[in-house]
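A, B, C and D label the chains in the order they appear, each numbered from 1.
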């Protein structure tokens, strides 16, 4: 059975001015999230600025997360590279460190054909004995997977879920109809999680869950219980967080919000800039509005 | 109250070899659809090849639809132009002919600023006393409406609904949160209608409804009754029709399917080509699969 | 031999508040341009807002231009439609009115395959005995022609030139290498005309030539004489006009500049807006700079 | 004075099955190119698959090129990163190794604002005392530089040239007019080098020059001598190489061509695939055609 399910926040990567992962911040964030009831933790996603980290920073972030989780919830590390050899090295390293699964995406510089895309994911799946979720983010990555490729990949025993970060919810239903029973569907930040749950999704893997963890868990529970009207009411209250996340730099947005919640997570990695004062006011307003609407502090 | 709700098929425009609207086909199609329980009829949408019709063909299509509907269900005509004066002429003409509402979109050649886009819709809304649904289709039209413009347009008394034909379901929730109580949301062909209904949508305005009208009405009824599990089961069976619609030329796809259902609707307007034999076989397979799954003939 | 060569300004279409073509303005503009030595006149291009004109306005504009030209230079009318039948009607009408050639482009709503694109141009070429220039503008039109399609079209006896309004000058060289001797290459506004002339182009068909006609003719003469250093010096002085043209709404820009040159050409057709006061100051500055640099008043 | 001028081939990076740079191949390639008269050598560009190399492979490639050049021609190393700190580390390392200049580009995952883009290039320029060429490749990189940013960067004493790998030759003229005397313009593979030379460019930095070095040098010499007609005749013969380069995977194309020229350069880094047999036949045909047309073996 796939371990990929429930509310799984994509962790930010807090980096100090010497380029080191701030272990204390990661520990505190993980504790908060586990206390709030999340079902897993995911370092090295888009929100975690994986593309901006050196190999050493990536390893440090995975180690720190595993130590912070301390076995309470599974840890799913992001694997992403332009090359098969690079991705394979990452997968093996994280496997050795003890992660419970990997979330694999493909970076690309030159355009790739379907067979080249497929060969990348198959090579990673062959390289480790770990559950694998495919991750595709056409908004930021220069490659994508066709439904045909996804269909073929779903037959690999190690590949058990997909997180599609397009905004196209219908595409998720197409994947589900094609791969039913072989591949679980996960909502990303750009989807309405309640809708994805309704069509058969298994959870929400997203950056925003870092800052609204209790509400996200409550939403998940309502969906699992089939309480769709209540789920939708909560969903509508939470949607402003997803809108904010799409409007600003992902890492900048979540790092600023965490600081407002008492966890100084630092700045996005340059040349990415911090949010402006005006943008921070918008974030604060959204957080206040969500807090009020959901009466969860 | 807005008249835009329920299942409203976008009618194909059957044209004979002399360029005339085939009134008999329109009549037969409308009868079938009304008999199946649809809640309205919409000539001159994307599926209706509005962009390919002369002014005279457009008027003929609206007249023919009104005659066929014979007051049994409301008729909503599409209004679209590059210019304010062109759209205003269309709106006034269709109003005089007796339509129950208009669905207004903006064609563009050069890029337009927000104020220019807004001025177009306001000018049309001022020109007739008719309920108006805004229609935006970023897949095919070279203009789009920002949430800010939609928010301002929603305050106009004549503008009461929006059909957003992007694939981005989250955008519909953003519109709903922004314009609640002033603007109804309608699902387009590119959305999962059951998901749009669940977040608060009022209906499904779409080309595919031409060929699966009874099932579409059944789906709508389940959604309105809050029977979400049953609705979703039906939705999953119907989704292949939406996939097919996205894969082929819209008009070619629906015209071919109608012919298979015993209604010879002709070819798409050249230089658009007819479906190939292989594509027709795919359409036939989807129709057979849906018929079997839903046991509605 | 192809009549498409030299400096051929794309005429703006001046429309009064009743929607009528302002014949006096067209006459005055054509007189100025012919006096400046241009080699032809082209109504109904992008600069002429062809996409915003009714059928009646289009015919009026062609008739007015023909009357104004009075046989002094050839007149090339733009033909553009979504449908083969629409384009054929235009071509036949303009042929009957007496134009010396047509410049044909394809509007599209739904995507078209190569064979559909080709069938459109062939059908127009079969419908009239007139020299034809193909016109493709991927910046504004939703269709484009592949080099393969252009290669096949170049074998049609009526098709003798191509105006490619991409910014990709290398594409022109590819077309030239493929179709040499069968298809002449024309520079559009988005290319550096001196570069296009250098690789073998036959002229410059463009909106900006309306407002810098004497300098454009001088540039053409230098190129034809092989005086490349002097041509390039003049070209660099004129380039600011092309930059300005790309930055603003085409019709708004040229209409404002003509008004500054004493020819009140009206506003772009709504919802397109007029230039702002600040934008008009930028246009005035560019005109002054070009006038000074070229010492042609 | 800027060292960036003349014909400067972007070197492929030959990698053996253990992931090591094949020094013998690099040496042989550099010898051939220097013998053919090229004016510099550029490791770590797009053609060199920089995006696919580990930090160690990048350093090895620069060291190998420097050893192979042995001071006969300058070596310009590519610097590219998502982060300021990563790019700074590269720049300092290559400077210490002894390169004569760096060609700096910006990788991006999330969109960046103008000031963030500018801050990246300024930070690199501040970090080393080396001549810098800016490199922007909007076809493959997810960031671009506006003319305003380029204008401001041109005032930095270390920034002396720009290689713009768009296909928009007019943009080069805009840069030249804006930054004249401060920033030299270089043609990339996607431009017609003779056109760029004619408007004032200083050279051609490109992957194709690896396989047509003698002809490229001859072209450059004709341009410098102002022999434009002869330059253009040669340019037209060579253009098929640029077309081929744009049609196939860059590294795959050049590596295959070098193998045909007797230099087994290996395969592109997986998951990029090798050219198919049919594609190799096309490459061979182009090489034969160019050889024949230019009578240079």
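Basically, contacts are C-beta pairs under 8 Å (C-beta built on N, C-alpha and C of every residue); 3 or more make two chains touch, one makes a residue touch a chain.
Because the structure is predicted, anything quoted here is derived from the model rather than measured.
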{"item": "Interface residue overlap between copies chain A and chain B, same or different (over half shared)", "value": "same"}
{"item": "Intercentroid distance (Cα basis), chain B paired with chain A, Å", "value": "36"}
{"item": "Centroid distance [mean C-alpha coordinates] between chain D and chain B, Å", "value": "51"}
{"item": "Touch-based graph of the chains, sorted into line, ring, star, complete or other", "value": "ring"}
{"item": "Chain pairs in mutual contact under the definition given at the outset", "value": "A-B, A-D, B-C, C-D"}
{"item": "Residue numbers on chain D that touch chain A, as the complex places them", "value": "19, 46, 49, 51-52, 54, 82-86, 106, 109-110, 112-113, 115-117, 119-120, 123, 140-142, 249-251, 269-273"}
{"item": "Chain B residues within the chain A interface of the complex", "value": "166-171, 173-174, 176-177, 190-192, 194-195, 198-200, 226, 228-229, 232, 235-236, 239-240, 242-243"}
